[in-house]
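Have a look at this one before I ask anything.
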Amino acid sequence: MLFDMNQTTNSAFVQEVKESFANQTVMVLIGAELTRVEPGVIEIRLPYRANLAQQHGYVHAGIITTIADSACGYAAYTLMPAGSDVLAVEFKVNLLRPAKGETFVARAEVIKSGRTLTVVRADVHALTGEQRELIAIMQGTMMRL
Amino acid sequence: MLFDMNQTTNSAFVQEVKESFANQTVMVLIGAELTRVEPGVIEIRLPYRANLAQQHGYVHAGIITTIADSACGYAAYTLMPAGSDVLAVEFKVNLLRPAKGETFVARAEVIKSGRTLTVVRADVHALTGEQRELIAIMQGTMMRL
Amino acid sequence: MLFDMNQTTNSAFVQEVKESFANQTVMVLIGAELTRVEPGVIEIRLPYRANLAQQHGYVHAGIITTIADSACGYAAYTLMPAGSDVLAVEFKVNLLRPAKGETFVARAEVIKSGRTLTVVRADVHALTGEQRELIAIMQGTMMRL
Amino acid sequence: MLFDMNQTTNSAFVQEVKESFANQTVMVLIGAELTRVEPGVIEIRLPYRANLAQQHGYVHAGIITTIADSACGYAAYTLMPAGSDVLAVEFKVNLLRPAKGETFVARAEVIKSGRTLTVVRADVHALTGEQRELIAIMQGTMMRL
C-alpha cells in the first residue's frame, strides 16, 4: 500500500498528471485543484461553491465523486508505464456525512497496481477552520489502455 | 420492480420532486433537466457541454454519476411518505463506454422501497442522432430521514 | 442486454460451463446446482440447508454471494471466445431481505460483454411454495484471461 | 477510524460477538474461526480447505466474502448499544489476487459508526509460511436493528 519513486517507471508522471488534469474542463467548471502528485497518491481540493449544491445547500454527492474519481484515476496513472492512458472501470462511494464545509479534499491511494487493472481507495474530508471530517470513501478499479 | 400510483402515499410527489430538483444548483451549473417523474421512476437529461469533460473531451464519470445519483434519490422519494427527506447512503457505478454523445439520459428505477432504506438501479444512455448506447449503470441505497 | 446464439463465438460454451461448474468444489459443499446456461444468462439454484446459516438461521449473505458470483462469472464466459478463462474483478451486492426460503435462485445476465471486461448483473430470489421474493442484487465486473 | 473501549457502550460486546459467531452454522461448515474482537475491529481466520474452491482450486470469492462480511458485521456490532441486532445492507468487494494460501485472514475496521448505519472496510490477506498477501478488500454498510 505504500509506493515510492522506485516503483514508478514513468519518470515524467508528475508533469503528465498535471497536464492531463489541466485538460479536464470540468475541474475548471467546479473550481477543483490538483494539490498532490506522488507515486500512488493524488490529492484534489475543491473549495465550497454555492453552485455545486444539492437541495440542502451541501455539495452534491456527484461532485464529491468527481474529485474522488479523478484522484483515483491519476493515482493509478502515477504507477503505470509511460504512454499509458487510464480510465475508470467502476467505483463505489459511501457517503458518511453531508458534504458541508469550506473545502473538500479527496486523497486517493493505490491499493494494488496491476498490469491492466489498478485498485484504488479514496477518502474525502471536509475542512472547516481547524476541523476535518471524513465525509466519503471510494473503492474503485482503474484500467490501463 | 414496477410501481403505480397506488403505491405512492404522497400525492404531491411530482410537484415536490420538481421543486427539490430546482433547488439543486449543480443541475443548473451542468445544464441537467428533470424529464420524467413517475412512481418509482425518474429520468434526468443532460445535453453535452464541452466544460463537463475529462481529459479526452468526454463527459466526466463524476458528472454522469451526478445525474444518476439524483435520479436514484428522487426515484426513491416518489414512494416515500409525505414530509420525507432523502439522502444517498452509497452507490456503485460501472462505466461501460466513454460518455460520448449529444445527450445523456439517466433513468432510475426503484428495486425495493423500504421504511428506512430504498434500493435503486439506474441506467445511463448516450444519445447521438438515432443511436442510443448504454454507457453506465448504477446500483445504490437511498435513506429516508 | 439480450444475447442470442449468434453472439456466442464458442460453440462449446454449454458443456464447458457445466464442466467448470462441476470443478467448483464449494458448490458441492453448499449443495448448489447449475440450472440454466444460455448466451449471456446463467441460473444457479441452492436449496436451503441449516448449515449455511448466519446467526438467525437465514442463509449467510456470503453464500448468496457465492452463487451470484459464479452465475455472473459463467454468464460472462458464455460470450467469450473459446479457450478463455474468467475471473471476478469485483462485485457489489445489495441485500434486500433476509435469505429466508426453501430454495434460492441466482440469475445473472450480461449487461456489456467487452474484449477484456464484462459487466454483469444478477438477481437472487427466495422461493417458498408459490412465493418468490427478490432478496439480493449484484452488479459486478468479470475479466477474461 | 480508531476506536477504544471508551467508545463502546455495550460492555458485553466481546461475549455477545462470540456467542453470535458460534450461531453462524456456515462458519463451522467452512472452518472459520473468530480470532480478534476489539472495539471497531474484528478478525476471522479461515484455513484453506479443498472443498471451498472454485474451478482452479483457489478459495471461491464468495467464501472470502463470507468471512469478510461477518467480520464487517461484528465490527459494527462492537460499537452498537446493548441489545442491538446487526445486518448487512450492502457490500462491495474487489478481488486483487487469487485466494491462494494456507490461511486467510479477514480484518474489518469500522470507518463510521452511526445511529442506524455503520460503514466498515475489510482487508483479506492470504498467509503462506511467512508470506502475507492482500487478496481482497471490502467496503460495506451495516445496519442496526
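Letters A, B, C and D name the chains as they come in the text, with residue numbers starting at 1 for each one.
Please note the rule applied: a residue touches a chain if its C-beta (ideal position, glycine included) is under 8 Å from a C-beta of that chain, and two chains touch if they have at least 3 such contacts.
Remember, it's a predicted structure, so these values are computed and weren't measured experimentally.
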- Message: If you average the CA coordinates per chain, which chain's centre is most distant from that of chain B?
- Response: D
- Note on the structure: Contact tally winner between B-D and A-D is A-D
- Item | For chain A paired with chain B, centre-to-centre distance based on mean C-alpha positions, whole Å | 23
- Query: Counting in whole Å, what is the centre-to-centre distance of chain B and chain D, each centre being its mean C-alpha position?
  - Reply: 33
- Message: As a quick test, compute the distance in whole Å between the mean CA positions of chain A and chain D.
- Response: 28
- Where chain C touches two or more other chains, by residue: 89-90, 92, 94, 119, 141
- Message: Can you tell me which positions in chain A touch chain B when the two form their complex?
- Response: 20-21, 23-26, 28-30, 50-55, 60-63, 65-70, 87-95, 98
- Once bound in the complex, which stretches of chain D touch chain B? 89-90, 92, 116-117, 141, 143
- Item | Sites on chain B touched by chain C in the complex | 1, 92, 94, 96-97, 111-112, 119, 121, 134, 137, 139, 141
